[in-house]
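Okay, handing you the structure first.
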Amino acid sequence: MPAKKTRKVRINTSIPTLGPAKIKSGMHYCQFMEPDESTKITIPVPQPDGKTKEELLRFELAGPRQKTYFDPSKTKCAIVTCGGLCPGINDVIRAIVMEAHYNYKVAATIGIRYGLEGFIPKYGHNILELTPEKVGDIHTFGGTMLGSSRGPQNPEEIVDALERMNISVLFMVGGDGTMRAAESILNEVQKRKLKIAIIGIPKTIDNDISFVYQSFGFDTAVEAATTAIQCAHTEANGAYNGIGLVKLMGRESGFIAAQATLALKVVNFVLIPESPFTLEGEKGLLEGLAERLKKRHHAVIVVAEGAGQDLTDASRKTDASGNPILGDIAGILRKRIPEYLSEQKIPHTLKYIDPSYIIRSVAANANDRIYCGFLGQHAVHAAMGGKTGVVISRMREHYIHLPLKLVTGQRRKIDTHSDYWRAVLESTGQFQYMRSCFGTPED
Amino acid sequence: MPAKKTRKVRINTSIPTLGPAKIKSGMHYCQFMEPDESTKITIPVPQPDGKTKEELLRFELAGPRQKTYFDPSKTKCAIVTCGGLCPGINDVIRAIVMEAHYNYKVAATIGIRYGLEGFIPKYGHNILELTPEKVGDIHTFGGTMLGSSRGPQNPEEIVDALERMNISVLFMVGGDGTMRAAESILNEVQKRKLKIAIIGIPKTIDNDISFVYQSFGFDTAVEAATTAIQCAHTEANGAYNGIGLVKLMGRESGFIAAQATLALKVVNFVLIPESPFTLEGEKGLLEGLAERLKKRHHAVIVVAEGAGQDLTDASRKTDASGNPILGDIAGILRKRIPEYLSEQKIPHTLKYIDPSYIIRSVAANANDRIYCGFLGQHAVHAAMGGKTGVVISRMREHYIHLPLKLVTGQRRKIDTHSDYWRAVLESTGQFQYMRSCFGTPED
Amino acid sequence: MPAKKTRKVRINTSIPTLGPAKIKSGMHYCQFMEPDESTKITIPVPQPDGKTKEELLRFELAGPRQKTYFDPSKTKCAIVTCGGLCPGINDVIRAIVMEAHYNYKVAATIGIRYGLEGFIPKYGHNILELTPEKVGDIHTFGGTMLGSSRGPQNPEEIVDALERMNISVLFMVGGDGTMRAAESILNEVQKRKLKIAIIGIPKTIDNDISFVYQSFGFDTAVEAATTAIQCAHTEANGAYNGIGLVKLMGRESGFIAAQATLALKVVNFVLIPESPFTLEGEKGLLEGLAERLKKRHHAVIVVAEGAGQDLTDASRKTDASGNPILGDIAGILRKRIPEYLSEQKIPHTLKYIDPSYIIRSVAANANDRIYCGFLGQHAVHAAMGGKTGVVISRMREHYIHLPLKLVTGQRRKIDTHSDYWRAVLESTGQFQYMRSCFGTPED
Amino acid sequence: MPAKKTRKVRINTSIPTLGPAKIKSGMHYCQFMEPDESTKITIPVPQPDGKTKEELLRFELAGPRQKTYFDPSKTKCAIVTCGGLCPGINDVIRAIVMEAHYNYKVAATIGIRYGLEGFIPKYGHNILELTPEKVGDIHTFGGTMLGSSRGPQNPEEIVDALERMNISVLFMVGGDGTMRAAESILNEVQKRKLKIAIIGIPKTIDNDISFVYQSFGFDTAVEAATTAIQCAHTEANGAYNGIGLVKLMGRESGFIAAQATLALKVVNFVLIPESPFTLEGEKGLLEGLAERLKKRHHAVIVVAEGAGQDLTDASRKTDASGNPILGDIAGILRKRIPEYLSEQKIPHTLKYIDPSYIIRSVAANANDRIYCGFLGQHAVHAAMGGKTGVVISRMREHYIHLPLKLVTGQRRKIDTHSDYWRAVLESTGQFQYMRSCFGTPED
């Protein structure tokens, strides 16, 4: 088991602090956490072979500490939101502002506009003073009241801005790239020996951040995706050999596609990045679809945008955030399905639905609102307790502190050998029609 | 005014009957209509110059008659649904079945599957027996439980099928093409001197059927469209100089785009087929958009799919239903907007949302359900009363009988000189930025 | 026909003005209305016998006039919202503010807080400055951003306040009582020879204001009511002889109950104030319900709060707004139904649902948003054009000016001899079980 | 630590089986569970003092086994649904039928109507044959397609019926009482040495079943409850010193009230059964409310139906299911709040909202649909694998088998010393106004 040992060494879950927390917080809590209270949690850890393995790891627990590192009356917090939209960002902003204001009574919280650009003078974006009044209703709206942008900015300039504005705590809401930016900022802060806490709240519509087993907004996005799938199902049933084809977000991980498939039980084929498939030939998707139509005369296909990249002529270029520009698998399906079925003389009607940003720019549902509320509160607790380089995450119903490092590695993916993926395939029944659906060589 | 005189002659609102209604209906009504009861209604009639003009016309009123033409115990009805989906079709089916069964106690109602194809033996589609139990819950679902198809079928074969199945009443739910098919079937029925009533229920997601001032499902479609626009607004606000571009249905008429714009009040530019616009040059859309961004740093554009066709290289081909295949105006906007803004060195983010079939395959809202309920009931009343060649419509809160002829002419369009369109432009404020937005020569 | 002649004399639809409109408005409209442009509309007018009769009346049309009476740069508007909540009030406020600011460029619009109380110094309520920024998102929320209160206040004190604040236009959003208050304020204003326009926007969740054929928010309330009825249906089906009993708003008019019944088609008994019924005895509700249960083993009853008042011991007291305090018919049904069925040895389960304020405090749906947008805009048009003592209403798709007098008379009720009520009864089928359901003596 | 030792002995998690599973299942799974595969999970276990304590326990994992105990071609399953409605029951039924039919290909699945009554001949309820066609769309509807009833029936008669109908597997969906009934049936089955598997799927709208940390339908119910609270908030803001009072389900546990409070963040006082409070006197609710109104002029109170029972004259009677009939705490609040505030000369408006069955009879949301799908599938896996006396539960993202015994003990309650309840109180801020809100003696 040397491989296992190696990994265990690699997973370092310890959290840096700015220094001892000595100021008695004014909060009336019956029960505070110990300064470095932790717990052991069994979690599935991705292995080099793509599978996951349960491991028991110790994590620091999130929560209020009786003593704070910062003196609230002299503490100014800043929030920045980066990358694509996701349901619940406004809930996180609201929770941070409310917690900082009402429970810690910090001097001020400001909002940085349009992502990391907001720190850089040349863009000329103003900052926003964030008060309880200003954020009171923002959870009613999707998106981010602060605006966002993609891509990195110079960490030195960012830290210059933090110093200039006299910020003690920076809350960064963003994805993989943002968490890497947080690391650079942390390094620069440490180089300058500044007392600034950097706290990350991981955001990803694709639910693909490592060590974050369900990211905020995911539940809402799945709910929104089911509307599109239901419509595709209605369209498929509205025509003889009707086919409803739905494209969903999911660049490298197919969680939204898989979860929405489970939620609605009307999908016959779900295609995700983690599970390669063949289009043409025996037991390829096209043949499988033809068979399904012969049996039932309607079909619904859900395709994650990053599925079947080997079938496309993806350019390997990247966008402003450094994400690869994907090949257009939906376009290929929209072209080849009618061609193939016409060749086979199977009359059919294909309806394509791409809900695109609709699933990510809606307001959070009740479940995500609660989650975001806790994330925001725990982010403030962590910062005030003197933690830094911390990401707030929920694991097995515990809210914990993760070191930034842990979440910026490889992306989380669906384990195609898991019960979860098996349940998805059971729901679609696609293994009856397609060859390569369990990702298993023996199949 | 000879043009006016000519038109008045042209609008013939009289309704054919199969013969006198002599059978006392078993219904317990406090108040039946006279056999040919009618009323005068002032309606806007489209004029050759594209404007509309209010005219006072006499229309036969829909409603139950004390005596029926058909003997219910020997009457078999058939329902067929044709063309694209629209919220409320199932509500119409349900209302017809319930009314025929419970109030008239007709012998049977059957459903023809997959549109007109269902009449033609070579397609091999079965028919469905429609009972109250089978249709009891269908209003919960979008789409049509019968399935649909596009395009005409041979009227002789259709009437052969009606004779073979011993049908007394055919209810046809469909658009412009279907109403033309209804006319052909009516002609064939009359040629054969058959006693079969042909009743049309006009369906159009684009709200563009003449003499039908709000078609069923339109209200629901607008409500669904607002979700997409709200998301575009959220995305636009989520980035610096964010642009949300939404494509909506509307091939020759921009009613959905216009109405959804009124409903949400966040649209800055709405582009519809009835109002040509320029893209390039002074006061073209691109320049207008740039100006808007400079002022407010975000913008929402709604484009009906049939807008700006002169700017595209539309092929003039037609689809199976005979509708012209449209040029891709949204594609042009998605290409030219970023090009132009980049040329102008205006940083920006464009998010494109195409809700496509989502707005038409949802279940009907309460308002449309009520409407569809009345349409279905009045369709049965008309048929049992011996009317034929009739379309059921609502005008100024009256339900009336229209002759088939009236609805199969030109499509209804937005009068760009009306108060309605003015209100839409007031809501967007686009006249500040664009040249040709009132459709007026002096502008 | 002398009665008819008398009535025609009684219905005076002329609108007072403050004086000639002489200032050229800065608006860029292709098409303004003439100063006193009007149209004839056929409307159902309530007759002394409770029935309605169609009459052709002339009404002044709402809309922008080329010349304004007030000089916008010196005009200060005020808005007050009175009485119970209703979906869309915020949409009306928003539309007034936007229209006044962007199109007429008036100096300021202020909001009076908590209804008429807001004018009276002793209550100490502040006013709110209403800017486009402040009202931009309020349509997302139900209720009124200004707050409301019930009951009248001294018109002299109110006009004192108008003078003190230098108000030129007062927009009053409210019901029957508010429109009567508007009349008193108008009288006082005229007595003092002030140049203040009083404009009413009629609000009623019960849809019972005379000459307003569908009040704003009604469509939304019906939609919300259907949720409660659907739940009652689910509960009724969830038990053997399950009964779902739903109480809905409707003090003197049963429009919400009737319309929601049409929308959902699962209601078996609908009880409204306009149609008296018997509870006990042969063909009373209890016997009818028992019969229905024997046939189908589940039933849904919808009761408007003001139904069956003769069966209660209503106190004849009135509340702060002068509305009679109703007897508790739902309480009687909840008591007598189980008693009766137990006496009859019919096992059963009764589930009572009272959605109460839920149906009136939700945000407006798309349809009502559009309607409220027009009401607000036309209110501003009317005021700027120098009209006063005016109520904005929609009739047969025209927006019109009504004199205040017309709407403050008797309440609008469901004509139980109309096609509409017949359709409701057809939907429930209750005439099979109950005696007095058509309101007709012969039944 | 003898107490701990004692408890550990008490928690027996072993699962009985009918005998060895020897038949190779026809399922194509890449990965089956071992026959008695289990895992250790740390769970909060309620202690005698009302607090909870984390313990590490071993549980048998749910999932498909390669070999089945029953021969599918000879297996007939039955489903019964008991007690009150809950979102997702139809999803569970659907999942069982689909799994049994498509994956195990069992001979038949039947539905028992109206709960346990359906087994007892004297009630005369028919059974329903459950096919994939019949259950295909039922997840669209709330409630249970089988109907339900309350209260126990004779286990001997039930087992007679099982024998008569030749049932091999009985799936019982229900709450505490139903799980106790399942135990009695299991005992009777074992006494007769029958080979019938009894599988429980725990259902509780109150989320109060022991060892089930989130029961199905709870997420949906919370979402529905937030609508009512939002309306109460709107009403409270719509009047000066407006108070919105919302009653929510929660007989002995306040989970719905607490979770909905977290989801919406507009509640100022939440009252639950687990946390006694005083109404009158210093720092009682009434004084606290008065203070809150003085500060902010509006307030929202959420009260679980079982809160403050010591303040009522609860009769200690029980209903058909053996649940105590609760005292009317909401009635007391509705009476005392206006009385007290009037005594204090605080003008106010109280709006009471009781969504009652609305929150439990809606259809399940996406999240609950997925959950119910897994519960149903795992129930079939358990039965086919020869398990009996089993309850399916989800714990820390594992689906597990629980022995029936474990879930029929004391009800699960909110630990008022937990972080969770602290977060709820932080959200309301009620500790500023009320005395007894942490359930701690020192407060």
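Letters are used for the chains, namely A, B, C and D, taken in the order the chains are written, and counting of residues starts over at 1 for each.
One rule holds in what follows: contacts are C-beta pairs under 8 Å (C-beta built on N, C-alpha and C of every residue); 3 or more make two chains touch, one makes a residue touch a chain.
Going by UniProt, the chains are A, B, C, D = 6-phosphofructokinase.
In this text the structure is predicted, and so the values were computed from the model without any measurement.
Engineer: Where the centre means the average of the CA atoms, what chain is farthest from chain C (6-phosphofructokinase)?
Structural biologist: A
Engineer: Once you count every C-beta pair in contact for both, which comes out on top, A-B or B-D?
Structural biologist: A-B
Engineer: Can you check how far apart chain A (6-phosphofructokinase) and chain D (6-phosphofructokinase) are, centre to centre, with Cα atoms defining each centre and the answer in Å?
Structural biologist: Each chain reduced to its C-alpha mean, chain A (6-phosphofructokinase) and chain D (6-phosphofructokinase) end up 30 Å apart.
Engineer: Compute the distance, rounded to whole Å, between the mean C-alpha positions of chain A (6-phosphofructokinase) and chain B (6-phosphofructokinase).
Structural biologist: Between these chains, centre-to-centre, one finds 41 Å.
Engineer: Give, as an integer number of Å, the spacing between the C-alpha centres of chain D (6-phosphofructokinase) and chain B (6-phosphofructokinase).
Structural biologist: 46
Engineer: Could you list the positions in chain A (6-phosphofructokinase) whose residues touch two or more of the other chains?
Structural biologist: 141
Engineer: Hey, which residues of chain B (6-phosphofructokinase) end up touching chain C (6-phosphofructokinase) in the complex?
Structural biologist: 28-31, 39-42, 54, 63, 94, 98-99, 102-103, 139, 213, 219, 222-223, 226, 259-260, 262-265, 365-367, 369-370, 373-374, 377, 396-397, 417, 419, 422-423, 426-427, 429, 431, 438, 440, 443
Engineer: So in the complex, the part of chain A (6-phosphofructokinase) that touches chain B (6-phosphofructokinase) is made up of which residues?
Structural biologist: For chain A (6-phosphofructokinase) paired with chain B (6-phosphofructokinase), touching residues are 85, 113-114, 117, 123, 125, 141-144, 147-149, 227-228, 230-232, 234-235, 237-240, 242, 349, 351-358, 361-362.
Engineer: What part of chain D (6-phosphofructokinase) is in contact with chain B (6-phosphofructokinase) in the complex they form?
Structural biologist: 137, 140-141
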